[in-house]
Amino acid sequence: MIPIELYIGLSAIIFSIGLYGLMTQRNGIRILMSVELMLNAANINLVAFSSYNADLTGQVFALYSIALAACEAAIGFAILMAIFKMKGTINLDSINILRW
Amino acid sequence: MAVENYAFLIPLLPALAFVLTFFFGKKLPNGGAIIPIAAIATSFVISLLITLNLLANPEEVVSQSFSWFAMLNIGILVDPLAAVMLTMVTFVSLLIHIYSLGYMSHDKAQSRYFAETALFTASMLGLILSDNILQLFICWELVGVCSFLLIGFWFQKPSAATAAKKAFLTTRIGDVMFLSGIVLLFTDLFKIYNGAIPDGVYILRFDVIFSHIPEIAAMNATIFGMEVSHITIITLLFFGGAVGKSGQFPLHVWLPDAMEGPTTVSALIHAATMVTAGVYLVARTFPMFIAAPSSLLVVAYLGAFTAIFAATMGIVMNDIKRVLAYSTISQLGYMMLGLGIGATIGAEAVGISLFHLINHAFFKALLFLCAGSVIHAVGTQDMRQMGGVAKVMPITAATMIIAALALGGFGIPGTIIGTSGFFSKDAIIESAYVFGASSGMWIPYVLSIVAALLTSLYIFRLIFMTFFGKARTDYGGHESPATMTIPLSILALFALFFGGLATERFNTFVSDTFMNDFVHVNIAELAEIGGYHLGHHGHEPLIILWLPLIVAAAGLLIAALVYGMKVVNMDRLVSRNNPIYKLLYNRYYQNELFTNFFSVKVVYEGLSYAGRAIDTGFDWLVGWLSDLVLETGESLRQFQTGAVQNYATAVITGVSLLIILIKVVMEVL
Amino acid sequence: MAENLMLFAPELTLVLTGLFVLMVGLFLPTGAKKVLGYLASIGILVALSLTVSSLGTEGMAFNDTLSVDALSQFFKIVFLVVALIVSIASIKYTEGNSHTEEFYALSIFATIGMMFVASANDIMVLFVAFELASLATYALAGFEKKNQKSLEAALKYFIIGSLSAAMLLFGISFIYGLTGTTSIPGIAANITALSTSPMGIVAVVLMLAGFGFKIALVPFHMWAPDTYQGAPSVVSALLAAGSKKMGIVAAFKIFIVALIALQAEWQIAFAILAVVTMTYGNVVALKQTSVKRMLAYSSLAQAGYISMAFVVLTPLALGGGILYALSHGFMKAGAFIVTAAVAYMVLSDNKDSEDTDHIDNFKGLGVRMPITALSMTIFVFALAGIPLTAGYMSKFVLFSSTIQSGFAWLAVIAILNSAISLYYYAKIVKYMYFLPTDLEKVSEPLPYVAALLIAVAGVFAIGFWPEPFIHWAMEAAMVLIPGGM
Amino acid sequence: MLPILSLIVLIPLVFAALTLLTKTKEQARLMALVATVSVLILTLYMYLNFDSTTAAHQFEELYQWVPSLGITYHVGVDGIAMPLILLNAIVLPFLVLFTWNDERKSPNKFYALILGTEAAVIGVFTALDFFLFYVFWELTLIPLFFMVSIWGGPNKHHASIKFFIYTHVASLVMLLGIFGLYFAAWDMTGTPTLDIPTLLAQFQLIESALLKDMIFLALLFGFIVKIPSFPFHSWQPDAYTEAPTAGSVLFVMLKIGGYGLFKIMLPMLPFTGSPNMMITIMAVLGSVSIIYGAFLALSQKDLKRMVAYSSVSHMGYVLLGAAGLVSLSVSGAMFQQFSHGLIMSVMFMSCGIINNKTGTRIMNDLGGLAQKMPKLAVIMVLTFMASLGLPGLSGFIAEVSVLAGSFGNLPAYVIIALVAIVITGAYHLWALQRTMFGVFDKKLGTITDINRYQTLSMGVIAILILYFGLNPSAVLDMMLTNSEQIASMMAVMGV
């Protein structure tokens, strides 16, 4: 059996990649992708722990979270679409009229 | 229906007259003058009757007290001391009011005048009648306010308004000392009763105060390393009040300026209702003074010094009223001296001093009213523009010369022939001699005798410059109406004869004022506490009895030679190059020192502006704090850049920092 | 099963209402969609009355994943009241909008999400409900599709929201992994593995970030000012007054019930966050020119106050925090509705107006819209903690509890903050009453007035007669720490 | 038995709401007059039935309010509160009359705010529950904030916000003190209560001296900012000066700081950890306020500002008298509050009239007004004399009682106050000289004397100043009863 630490390590790496992307990317779609990465990192954890604990709850939880991630992506895309329609860009740097 | 029961009416009637005249005077002829005149006349009658009763039975004083608030009371006390004062004040005030009928007849604000003079009189009568020190202080302050209102009667004149303010503030310095004395006295008495005052004991009533003098004297305070008895502090503070009110050095500066009011007001202030209050206060609390080591000496020395100090300035003044004002200061100095000599002659000093006070009231009122009459006719107060007024105003001239003789103190020692001033002033000077002889302190005597010379000199300078010689300007003028001359004549009679007739009886009557059924003070015992050795009149050498008369005559002679016959050319002496003249003419530069430098520069500009700077500082601090917060807000706003990545970064940084922080804190704990 | 459903009658009512509104809306012409607002409001009112009438009932349902207790009832009432105020006010806001049914459906679903968070007894249910509310509000924030600000608000909210959701989930995964359960009481029972593991702190902080995002605690707050300002005012009301409380109740459940063994760790974190948040919120609010943004920062500050309950952690403090949540619901919802009314007024002056929330628009509001202005005065004074209002009463309980537990320094900071906040609240009053305007009086739309009056009534009810509210809040607090502490 | 205390708070409140609804000036002022006169009548009834031989609370009403926190609706008056209620009840009808013919925007709000202030201030004096006390305490702020902001002078916004926040901070600090006391007592007895008499009695049972000192200082801070005393006075000159005349008068009626001092601070004082330090703090602040306010008043050019600073100086007596701890000094300080309220109202009314008629308050631009306004001149001279402590008028009684009473315990501070008396005289007279006396400046235009409503209102208060100066026992007796109780407690504790 693969030690649990490896799963955790993997998910931590993926989570960090997501974080890094979130902080550095300027494109709205890439931001969405980064978020998906982070959610999936958590899902890996859940599933790994589920199997490690011999308890199905984690896997159920992962399914839920996948569904939620899909919803989230849908809404995110909808917002980005609306912005694109209005401004012709989804570059986040151009979206900062609300500040201070 | 004993008249004693109506003693309370003495101040109340004029006070009522004030209210009536104030509200209804305008609608009555002469500004409603009849109301205060009638009221004061009634008060005079009551006072006179009470005085006569007291003369018969000096022990049966009038005393009534009511609880006021806390352990304080209001009440009246008519003992011999108060009785003679009451009679004098009502009498002189009555005459001045009658005189004012003519003098103020052209003034539009007559009713206000009569209302305020009535209140002035009422306050003074209230002061005299007080049976406790607090009530005395209250009336004392009311007197000050009335003087403020009356000196500033013509308030549209800036000089009058300024003089009024100066009078009030200068006397207020004294008042604060007086109040401080009361506060200390109260505290001591409170301590003596241990905070539990029995019902019916009014802590500031004179009988209570006098009966606790030894205990107060036993309390000591350390001031600048010296052990000082509380009784000394209290009496000196009281004396501070008297110094302000009675125009003693150095708080006399207001009195010459107080001439800005109508002349009748000056007469009231100088003769009856104000400046005598200080002397009265010291006389009233004499048992405390005599128990206070060195207090009486301060009184004596300061009195003598003021007597001569003011007299020197009187010589060079050209304003007729100013000469009289300095004369008042000088004479008040005599009265204080007379009281101070109580260190040697005990309670007799009260009699001597009060006698001079009464006589002085007569002749000083007369002098002022005469001067008013002259000013009324001539239209100026500058003596250099007068001359030969006697021809135009014979009655005024005659009465004023009588007054001058009284002030100069002319009379024949050993007889009852003499002006009133002669008897009282000589008594003071002779007592000063006794004081010198018994204590070895001769300075008061020397000062008083020199002051007598100067007194005679300045008053006859005034007479000669005003009434004799040729008219120096074309003033036109006429004798005053009867309402003015009749009071003059009456006062002249008193100035001439009262002294001789009353001298024997008066002194014993007033000197026994602390021995009756209200208070029973053993002056001799108290003098022991104060460390004074009471002596008695010995047989003074003849020269001592005659010396005052000789110096007075010498003064008259000099004045006659210089101002009457012009033997000496004054122009050389009276020049701005003569430093002594300059010093005197500028009144020792007190105005510059006290008013311009101390009051304006130090207190007003210096301290109050410093205070203002500090206050700006506090305000700035508050403003700075609020600005700081606002500016912080402005800077912190900048964190909210509007770029969503920065927000994400903030979240992630926050998470990392929190993890570290918690770890660190948990380690530390 | 039936009993289970009966326990959730209010939620079911709302679900039905939401679906009904959504479907009816499909068949209605734009002009007639006004009726949807009334329908939604009635549905919410029914749910509210069901909740109120079932006060005191307790029970577990669906394999103990949901629980009905004093705490959940209390917060449900908070959410329903806010939803009611918002939906009434929205009758005017959505007037003439062809997407009215979506607006109401989304707000009702958001409310449902919040309510399930309040009754969640399982971390998984909690997360799903949490996301339900989040997703609905993301869409609501961007409801004005033609308005750049609204879209920007939605985007920022969404991005930071997703980040937080990911963090939350990541944190939850550790908790699940180390305790082997997702049941909240279960976690508390099996906490040893977590509290001894170094991952404990990480999990705590990640959870904190997830909830802190909703509560808007510094530094997880950055989206809040932008979103509150950009989103439609009625949505801001829902966010500030409603969804913020969802974060709070979730945090209550997770930290105080599940993670009580890690109390030391999160107490420190909350202490820091509370102080920083209230100070930052108040200080930055001082210089704002947009009223909505100012209210957003003020929300931050209020969240900071409420967080003090986590630090003090006594029944009184928790009761105070819970009461504060209710009061803040009334006050903040009301205040945002006022900005909605003002926006309506500004737009009726000038259709193309950009800055409808600028404070200059509040000039002379006392003359132009007297009821609105008076309500706003009441709300801001309540927020500032002036007596006889809900804000004062909650501060009284909450701040006093900090003193009781010896956290005097915390109370001093909170009090100073409270004083600072008066400045910007008074500024609004100054603009409304003391600065002149030459514009005409405007007739105030009835829905706004009705919503405001409900909020004012709530503010004064708690202010004047706090006894029942304190009683309920204390009962709710007892659910969290049954034995007292 | 009528619930009089509730009525005198409720009547102005209800009428304030009704006044808001009126449309015209005539209706609004009539409403205000009816309300204030009814309060006056009820208060006089209460005053006449007041037993001044007992220090206990009278006319008590007690209802439960928030039992779970120990909050009650508990009101009652004693000899400390009664005179101050009387002061408010007396002055307010005349304040309404004073403004009877004034033209101003939104008169309905104006009179509503006057009534609101009256209710809140009287509320503070009646409250016997800390919660209620604090509620009314804070509620006094709001009408005054509006008053200054709407009808104030040119610098009104700055002044009103400064006043609002400054005093609010103080109130909050006071609230902290209340919390401290509340929980300390709760811990000891196990039952929460905010009842003022109960908590004051339990204060001494607190063990920690530090805690007791902190509670005391927090409350003290709240009170002295409101008084206000040096160095926390800087909100006051601005607020007093910028406020409209009625606002300034209402500020003067706001005697809640001093009231707290007597009602709450003094009973706690002997039980604090270091009573002597507390006494010193109060005495220092009091005496410094007296002389500092006097000097600042002397340096002012603006008449109203001068009056404002004179108020700082006068309120110093309140602190000094309270620190004196002798029944005479304490009751003198209470009397000072009463008398100061009367005197300052007329002084501010005078300032307002001068400002209205001449358009300026700068004293150097004025002068000779007595010729044009003889009635005002008489009233103003009387009140200025009262303010500078002229015997026979109410101010003197207060000052002399404070000075004489405090000297035994605090000689040095009393000496400072005595020095200030001269300065006090100076600025009052100087102000009179520069405004009323001297040559009338034609530039000021035609000036008419005060109208009959103004004469009536100022005249009556002026007469009351005289009355209470001659017959201080009318209110001093009840103050003495309470201050004797305080003093005896001090004596028992050996303070």
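Couple of notes before you dig in:
Per-chain numbering from 1; labels A, B, C and D assigned in written order.
The working rule: a residue touches a chain if its C-beta (ideal position, glycine included) is under 8 Å from a C-beta of that chain, and two chains touch if they have at least 3 such contacts.
None of these values were measured; they are calculated from a predicted model.
Looking at A-C and B-C, the interface holding more C-beta pairs in contact is that of A-C.
The mean-CA centres of subunit A and subunit C are about 26 angstrom from one another, to the nearest whole unit.
Rounded to whole angstrom, the centroid-to-centroid distance between subunit B and subunit C, based on C-alpha atoms, equals 77 Å. Measuring from the averaged C-alpha position of subunit B to that of subunit D gives a distance of 37 Å.
Centre-to-centre separation of subunit A and subunit B, using mean CA positions: 97 Å. Chain contacts: subunit B has residues 626, 637, 640, 642, 644, 648 touching two or more partner chains. Counting partners per residue, subunit D has 165 as the residues that reach two or more other chains. The set of subunit A residues that touch two or more partner chains comprises 22, 92, 95-99. The set of touching chain pairs reads A-B, A-C, B-C, B-D, C-D, using the touch definition from the header. Across the complex, subunit C is touched by residues 65-69, 131, 134-136, 138-139, 141-142, 145-146, 149-150, 156-157, 161, 164-165, 168-169, 172-173, 175-176, 179-180, 182-183, 186-187, 214 of subunit D. Listing the residues of subunit B that touch subunit D in their complex gives 68-71, 134, 137-142, 145, 148-149, 152, 155-158, 160-162, 164-165, 168-169, 172-173, 175-176, 179-180, 182-184, 186-187, 190-191, 195, 599, 603-604, 607-612, 614-615, 618-619, 622, 626. Across the complex, subunit A meets subunit C through its residues 4, 8, 11, 15, 18, 22, 28, 31-32, 35, 38-39, 41-43, 45-46, 48-50, 52-53, 55, 57-58, 60-61, 64-65, 68, 71-72, 75-76, 78-80, 82-83, 86-87, 92, 95-99.
The touching residues of subunit D, counted against subunit B in their complex, run 162, 165-166, 231, 233-235, 292, 295-296, 298-299, 326-328, 331, 368, 370-371, 381, 385, 390-392, 396-397, 400-401, 403-404, 407-408, 411, 414-415, 418-419, 421-423, 425-426, 429-430, 432-433, 436-440, 472-473, 476-477, 480, 491.
Those residues of subunit C lying in contact with subunit D across their complex are 381, 386-388, 392, 396-397, 399-400, 403-404, 408, 411-412, 415-416, 418-419, 422-423, 426-427, 429-430, 433-434, 466-467, 470-471, 474.
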